[in-house]
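Listed next: structures, encoded as structure tokens.
In the two assemblies presented below, chain A is common to both, partnered first by chain B and then by chain C.
After this line comes the complex of A and B, so read on.
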């Protein structure tokens, strides 16, 4: 059995473009595949990264996204999801 | 921002007649035209803009909800509509569920951000306990308007 670990990273969001629906959908879909508890924070608001309704409330907040994972696959989750967001941000 | 600030009461459809994604979007845009917030000759082009966005990826977000959205030069301010489909629309949502509740958002081309605030506001309402269930179980326009007003009141509270 693997130990519970915590991993986190900060992902910049282009302030001229913002956080659109598409990257949020892709993030939540991918997040469901991880065992770790995943949270996403932006502008002082903290939400469950596995809930699309919660993640979408971050759309109009300002600043970077902070992704945090707690669980046995925390490192993999942060690596995969931050890579995905880097690629998706700025699109539709 | 309140739901009532951008969702036009005249553009709330208790039960859509159309059954395909494009037809439902056209019916919703037609209701925006009827409300007087969009010129009739722009309707087709607005539907095309919405469908172009759907081609990037479905705006179906799961749980039977979709948030179709597009910017357009013919749109003068942030406006929206709502439609309910009892049969559900095949929308290509990530969870495969047919869409029964559609929130349409339109905003002027060249303006950045107002739709993000609208999406955030809609999602704030969606995560309210029972909101989606209540919304999906009514075809009564008056009840839908009341649900939105109630959600707005709670958010302000």
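After this line comes the complex of A and C, so read on.
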């Protein structure tokens, strides 16, 4: 058994029109594969990153999101999800 | 006369009568339940979710031929939402806390969610998606029939406060002249779908539903983002002119090119065929200057009817297409069902397969359902005396399979002969080259068939082991991958060596830079959506074949995808200047 670790990172949302449903869906699907508890935060609001229902309530405009993971695979989860979001949301 | 200003999300002008859709806000009366029914209500909720997801899948299947796969990603998102654990937790919590009935609990949770989404401008655009899953759940939990399917007797302009994506896609093709609604933004689903259907749409029209009654004469200007109600004669005439001009400029491109051949600068003749799904598209293909049907995707006959078509229905579809196209050829591909096109119409549901794209699809399904396969072949052969018909077998991977398909065709010929039906004795037979194994063996196949048709979508998918419908990996779907190029080049060369024609009928040839590359590789036949035929013809008439060859040989030396794309984009831009 590995120890529970906490890991977090900041993800920029650079697209002018902000977040769309599709990248969110991709994020949620990927997040579901990790054991760790995964949280997305923005402007004082925290939501479960494994739920599209919750993720869609985050204000979706431009600006950073914070991803936080607690659990045995926290590091991997943060790495995988931030990589994914960078690709989906960066630039444009 | 009134004017409403909104956001134009799909260009074009339409004049017609308003069909007003009342907002579907089915009020749900809170129904409280005794404690011993809590578990039963939770179960009822769970089965409603399952049924709602099934309903979405049905819509998906029904609408894919009309809209194309990419637009149906909306439905995947809805499935994800319905299946969401957090939603379920909240609904179950409400059922217990009431204790109340499932529909009342779901209604409370979803209404709160909608409130939350409305609080921020950037999230308000998703409210219509929540309405959509809400109405699906309600219909099931309250046992109401589908209220989404709006039956339009006459073509009309749809006016609504908000349309759910399901409502938008459910309209019958040709019956909706335009869409005008109060809610929505530029990226709303209605916008996407209106574009796909090619009808004008304006959204964000504040106060519209209060100002319009059913039957009012309306003008919708999708370019300007404007709606005019009960226009006077002068305004009406002005818009009729605008509408006319738009149609005219499209027509002009078509007319300009109609009598001109598709040939390159040096006069090399290129053949442009059209891909069609339904017989009525034959006319579009002719109008747009296509020289034949390069790919008739007959599986849509099955999907459209939701059952296996009878031999007569097959025959009538093929006969009319062949007769209309005569003396130009119509290449009829036998049903390519299974995998993403699995339907009950294939004679009972296809058994759940762990890897449907590697499973019993396409020609393999034809062999599995010999009766169905023979009925289709009979109809094709019978249609062969009414025009110039060719047969195309999809997804052939080995000579054994090809032989089997030809043997079955021979049996059908004999049967028809015995029964006294007339048919063309030497109908040409071709294979789709869409599996890497077949592309590698193209020279062997070339000796056994009359023509090749390269299906680039599947060829890329199987060569690179990537499902382009899966958003997580779809960026690996790269037509520019050198392995794909080599397989296509090899297939073209094998066809040339054997003296049989080779066509490409995937989406790849619709892209200008790939069009140039394929020409450079020696391809002389293309089959695409008839909509882009004039566009392709115009491009071909600007291309010098030597330059295309240079580009192709440069690309073929390049092992990297990124460099290949770079070469293709810069060189094709230079060439098309």
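One rule holds in what follows: the second predicted complex is superposed on the first by the 84 of 92 C-alpha atoms of A that agree within 3 Å, B and C clash if a C-alpha of one lies under 4 Å from a C-alpha of the other, contacts with A are read in each partner's own complex, and residues count from 1 in each chain.
Throughout what follows, contacts are C-beta pairs under 8 Å (C-beta built on N, C-alpha and C of every residue); 3 or more make two chains touch, one makes a residue touch a chain.
Here the structure is a predicted model, which means the values were calculated and not measured.
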Practice problem: Give one of first, second, both or neither to describe whether A:50 is in contact with chain B, with chain C, with both, or with none. | Solution: second
Quiz item: Touch check for A:30: first (chain B), second (chain C), both, or neither?
Solution: second
Quiz item: Which holds for A:20: it touches chain B only (first), chain C only (second), both, or neither?
Solution: both
Exercise. Mind working out whether A:85 is in touch with chain B, chain C, both or neither, as first, second, both or neither?
Key: neither
Quiz item: Do chain B and chain C touch any of the same residues on chain A, and if so, which?
Solution: 17-22, 25-26, 28-29, 51-54, 56-61
Self-check item: Partner chain A, residues of chain B touching it in the complex
Solution: 53, 56-57, 59, 61-63, 67, 69, 94, 112-113, 116-117, 119-124, 126-127
Self-check item: Touching residues on chain A, where the partner in the complex is chain B
Solution: 16-22, 25-26, 28-29, 51-61, 91-92
Quiz item: What residues on chain A touch chain C, complex-wise?
Solution: 17-22, 25-26, 28-30, 48, 50-54, 56-61, 84, 87
Quiz prompt | Partner chain A, residues of chain C touching it in the complex | solution = 73, 76-77, 80-81, 84-87, 113, 116-117, 120, 122-123, 126, 129, 186-187, 471-472, 475
